[in-house]
Amino acid sequence: MIDKADQIFVLLQHWLVSFLPLALQQPAAVLLGVIGIVCVFPAIFALTTVFERKGLGRIQNRLGPNRVGPFGFMQPIADAIKSLTKEDVVPSTANGPVHFLAPVGLVVAVFMGFAVLPVGRNMVLVDMDAGLLFFFAMGASTEVSVFMAGWSSRNKYSLLGAMRAVAQMISYEVVLLLSSVAVVMITGSLSLTKIVEAQNQYTGIFPHWYIFTPWGLAGFVMYAIAATAETNRSPFDLPEGESELVAGYHTEYSGFKFALFFLGEYLAMLSISGLGTTLFLGGWSAPLSFLTFMPSWFWFFSKLMMSIFVFIWMRGTLPRLRQDQLMNFAWKFVLPFTLLDLFVTALWRFMGQGLLRWIVCSVILLAAYVIMGRVAMVRKHFGPRRYRYAE
Amino acid sequence: MTVIFYLIAAITVAGGLAAVLLKNLVHCALAVTIAFGGIALLFLSLDAQFAGFVQILVYIGAVAILIVFAILLTRGSDVPKDGVFSPTWLTGVAIASAVFAVMGWAVINSVNAIPQLAAVPHVTVHDIGVALVGSYVLPLEILALLLTAATVGAVIVAMHEKGGSE
Amino acid sequence: MTLIQEVSSFTPQTTASAITGILWLIPALPIVASGCIALMKQSRRQAAATLSISSLCVSLLLSIAAFSHVLSGWLAGNAVRESLNFTWIRFGSSAVDLGWVLDPLSAVMLVMVSLVGLLIFIYSTGYMAHDENFTRFFCFLSLFAGAMLGVVISNSILLLFMCWELVGLTSYLLIGFWYHKPSAAAAAKKAFLTTRVGDIFFLLGIVWLFAQTGTLLFYNHGAGSLEPLSLASLLTQHAALGLSAAGAIGLLIFAGAAGKSGQLPLHVWLPDAMEGPTPVSALIHAATMVAAGVYLIARVYPLMQAGALTGGVTTSLTVVTWVGASTAVFAALIAVAQNDIKRILAYSTVSQLGYMMAGLGMGGVAVGIFHLITHAFFKALLFMGAGSVIHGCHEEQDIRHMGGLKSYMPLTFATYGIGMLALCGVPIFFSGFWSKDAILESAHGWSISHAPYYMLVFGAVLTAFYMTRQVSYVFFGQWRGHGHAHESPRVMTTPLAILAFFAVTLGAIGTPAWPWFRAFLDNRASEVDLHAFAEPAWLMLLLTSCIIVIVGIGLGWALYGNKSPDPDAPDTLQAAIPHVWVVLQNKFYVDELYGVTVIAFYAWWARVADWFDRRVWGGAVAAVTWLFGLFAQFNRFFDADIVDGTFDKGCEEISTSGGLLASIQSGAVQNYLRILALAVVALVLILFWSSRP
Amino acid sequence: MTPLGGYLLVAALMFAIGLAGALVRRNAIMVLIGIELMLNSANLNFIAFWRYGPHPEALTGMMFAIFSIAVAAAEAAVGLGLVIAIYRHTHTTELDKINRMKG
């Protein structure tokens, strides 16, 4: 029964495919998987927008959307209809083809990333040997789309927003990759399914998630920071800092193209959270050994939603950084610390079992954190924001 | 020699041609991105998954972006009045076609003489990793040095000269 | 030399003990501290003061340890004279030996120098607190302390001379500490050059001594220059004027000591040295450095005394006595007519140094050194009191612009008063009485002449007189200065109080009833003999002293006790005896005398040398220059026209051919690329052509 | 034609296109783009030879391609940095105007 619940979607797929002739079965299975992804994640996206608006509302002491449907939960549908029916305004000086291709390219690249995410036991569209690499390759491709959008709009705000976004994404992509490399070093594989399987073990009732190791915790924190920056979320949402740049690179987009950008951004957030879940939070594995009776996909999506919640929480809490602070933070704190984390991971890997490696790794990371924090706070460009008031 | 190959090859060549021929530099950069992507797809069609993804990651994710940045920083997106091609473009094209002719001729003449294995080589990422830190560890280390030097060098070359003599 | 063995009733003990082994640390610590301070940033004032004071503190503790070691040896009936020697440079069969010695003399001096030095260091932190060159000051001060302690412990006359010169250098640096004042710079130069005159004689004496005895060490297990063997050989050598080599060397060394201690012909620098900061005056020009001359004579006393007939009188000691006695009176006379608070004290110092010299000449080591020790304390006290007064009166040094300070500065007044009474030699209660008494007693009993006795008595009257004059001017009457006088900070008054305590009590170690100081220095056992107080000779002296003090102080008080409040009113004595006053105020015109004799001669000699340099040597040099110029002309012709010509031609050829080749380098990179691509085509073609079957 | 021949011909064509780009364009960045294309075509050759060559398990061609990609990335960074530096001095990126370094 448990297995049935766990594998319900896989069995459904097999059952549907079995009606077809043998030659078509494999393409059909893939098609079904694609359809699943294309349906499920945008649905989550729709849900997330409502949650985000309501959550931000709670944080800012207001109600949020509450008019459409019960408790305002039909809001995304209304938004979708509005987007689809709105006029698609293209600036006259805009570079037509590029302007059109940018949102499409973004959404395609983001959707590609989901192909390698294991959302449950045996639930991965392509179990690729180099899955992690594929994911990052797709993530890197989104930058071109962002640039295209900003440049083709022929708008200074858009271009500046695009340049900021690209610079930020490139800077934090390095961190993102390096913090993931720590996991790869321990697992010895780039395959995401293997990474999850490596974490799907229990000592007593506690799981072997990588976040429960010193290097994993540090790596996860770095990963989370980089992921926030990579998806241009607050507090790293400078590229679309509306007070300076109107709306950044998608200022000149409206109607469904804008909706695609919106979708692309949220899907990127979902996919990067999914990857973080997979790498550090044990993917679809249950948090405690006696909870394994729940279906694996339930755990994956629960963790995913938790991450989304944290994203929303941060957006409601933290103020926006300045561009130079952002860059300094990436190159002078996060990157060195991630490199140190790699070193510590290697130590962990080769120090063998025992308490010693826990102590050594924790002490190194803690000391580095404290020292670098102190040093960084001393630096002018880097420390707490100082306000200058008009005299 | 499947349809897919011809399709990808066509995309790649088209991207390359566009990159060379388009007047707007940013269009060129985007076209070359397509060419890079096409090459990556060719790699994938050659069962070189790892190389293909690395190609995407490095070329589309980094080099293309770098090129775009360079274009914008040098105000290259404005089309110059006196044309984008050098006055001696004809000789350039002639030389390029001569090179292609010679190489194509060489390929056609010799390719049938080379033994070919049709079997898909079974190479995993794990094997590549082992080879990188095994027999190729020295090049790897040198490469690391090179990349560091290149990073530092690029930063220094492109850095604003403070209080320069300009 | 038989005399020494008679005096030393104890058996000499010469093996080095542990404390002697580390005796070198006493001077080394302040010198190292000075080096460290020299490397410090100017702004590290606290650190500099702490370092120098703590180093001197350790030196003081070590000195006390050394002293107690000597004392315990003495109490056990041993004459402690421990030396540690080593060879510095060896050339041929002879060697330059250095070393240090621990005996009662050096032990006493060590304690005195480091104690007074320490108090003055502490005082300086207050006095110099606002000086921007505070760190440099402490650097020099530490160096001075180290060098002075080095003078005290050295067992080699060469090491003594080195430290002696180092002391002179620091004295120069510290007098000229405020070098931006022209007068300070000039005073520093004057001090340096004047003492150099004495030092040349001293160096001659050293060389002579080394030539005669073959050793530089004072004590070296019987082989040292001050030990009977060498002294005997020195006595047999005869120098000119009926002097033995020992006597002549002694006189030469005395010349050096006279330079440093400001004895009569060479005293001119000492009053000018008051341009330095007051702690410097107190430490260097009252307590320690100027006493180094006295100490030097005490150290080489066996040499001075060698060959003495009955009564211990030799030619050199007689010279010492006469010079000392005349200096005592001469300087006291000048002091009467001075108006600068520090200059009065400076002349007083010169005068008291004369007393010490006379004491050495007539009474022996103990008499002179006893006065040296007591004088060090009360004169340092007086100088520091004067510094406190100056500090409190906003850098005012003219006593005519002071007055009535006893109510403004009660602590300074009390301590200054004690110092003044000690200097005057007020009987029984003050140390100055006991030490001066001992000198007068020995002068009274001197076999050669009674003149020194009367001179010294007259000097004592004058001393009491001018000190009373000064104190009346400064502390009594009405305030005649500008601004508002205030008491100095505790860090300055506390050392004053400590010194005042010593100025009173130190006399106890040298009373006739219990003369243990004398016994200690002479290595004899001492015993308390209260009957000494009842001896008629001593009572006579006591009476004399009382009369001296009463006459001096009474005269002073009578003349200056009710000083008019006008600072520009003429001095009472000036009004009474104007001609004498002018002579005294101008210091007997000694400076002017030197100006028209010695300095004029030097100026003339410098002009002669200048002329000689310009005309004779300059001409020779010009001729040589011209010759070389000619040669260079020829060389240039050879180089430029023959060698360079061929080379230039070759270079031109290379340049031309290079230019031809360079025209291929158009600078257009795409051209290069084209050529490259064509080359690729050509290469491929060649490859295929050659591989065709 | 064999598959290998097809890949090699595509590579040759890309190389020629890249070369033409490097030769006929006036902008320095375009020359760099041409060079990147040439490097890519060379990589394609390596991968093709690795795929169809006699010893794919030795990974020689693959390694060559991977190292070449890394080196090309470094080359691009330094090359573009140089272009920017030159632009800052001469305010142009057109190669026929940057010819001061000649004999």
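We call the chains A, B, C and D, going by the order they appear; numbering starts again at 1 in every chain.
In this section, a residue touches a chain if its C-beta (ideal position, glycine included) is under 8 Å from a C-beta of that chain, and two chains touch if they have at least 3 such contacts.
Keep in mind that this is a model prediction, so the values were computed, not measured.
Chain centres were defined as the mean of their Cα atoms; on that basis the chain farthest from chain A turns out to be C.
When every chain is represented by the mean of its C-alpha atoms, the one lying closest to the mean of all protein C-alpha atoms is C.
Centre-to-centre spacing of chain A and chain B amounts to 29 Å, using the average Cα coordinate of each chain.
Distance between chain centres (mean CA atoms), chain B to chain D: 5 Å.
Here the CA centre of chain A is 82 Å from the CA centre of chain C.
Centroid to centroid, with C-alpha atoms defining each point, chain A and chain D lie 33 Å apart.
Listed for chain B are residues 50, 54, 62, 69, 86, 88, 91-92, 95-96, 99, 103, each touching two or more other chains.
Looking at chain A, no residue sits in touch with two or more other chains.
Residue positions 19, 23, 95-96 of chain D each touch two or more of the other chains. The chain pairs satisfying the stated touch condition come to A-B, B-C, B-D, C-D. Partner chain B is touched in their complex by these residues of chain D: 1-10, 12-21, 23-27, 29-30, 32-34, 36-37, 40-41, 43-44, 47-48, 50-54, 56-57, 59, 62-63, 65-67, 69-78, 80-85, 87, 89, 93-96. The part of chain C that touches chain B in the complex is made up of residues 670, 674, 677-678, 680-681, 684-685, 688.
Touching chain D in their complex are the following residues of chain B: 1, 5, 9, 12-13, 16-17, 19-20, 25, 28-29, 32, 35-36, 39, 42-43, 46-48, 50-51, 54-55, 58-59, 62-63, 66-67, 69-71, 73-74, 76, 80, 83-89, 91-93, 95-97, 99-100, 103-104, 107-108, 111-112, 114-118, 121-123, 127-128, 131-132, 136, 139, 143, 146-147, 150-151, 153-155, 157-158, 166. Residue ranges on chain D touching chain C, taken from their complex, read 19, 22-23, 31, 95-96, 98-103. Within the complex formed with chain B, the chain A residues making contact are 95, 98, 128-130, 133-134, 136-141, 143-144, 147-148, 151, 159, 163, 166, 170, 173, 188-191.
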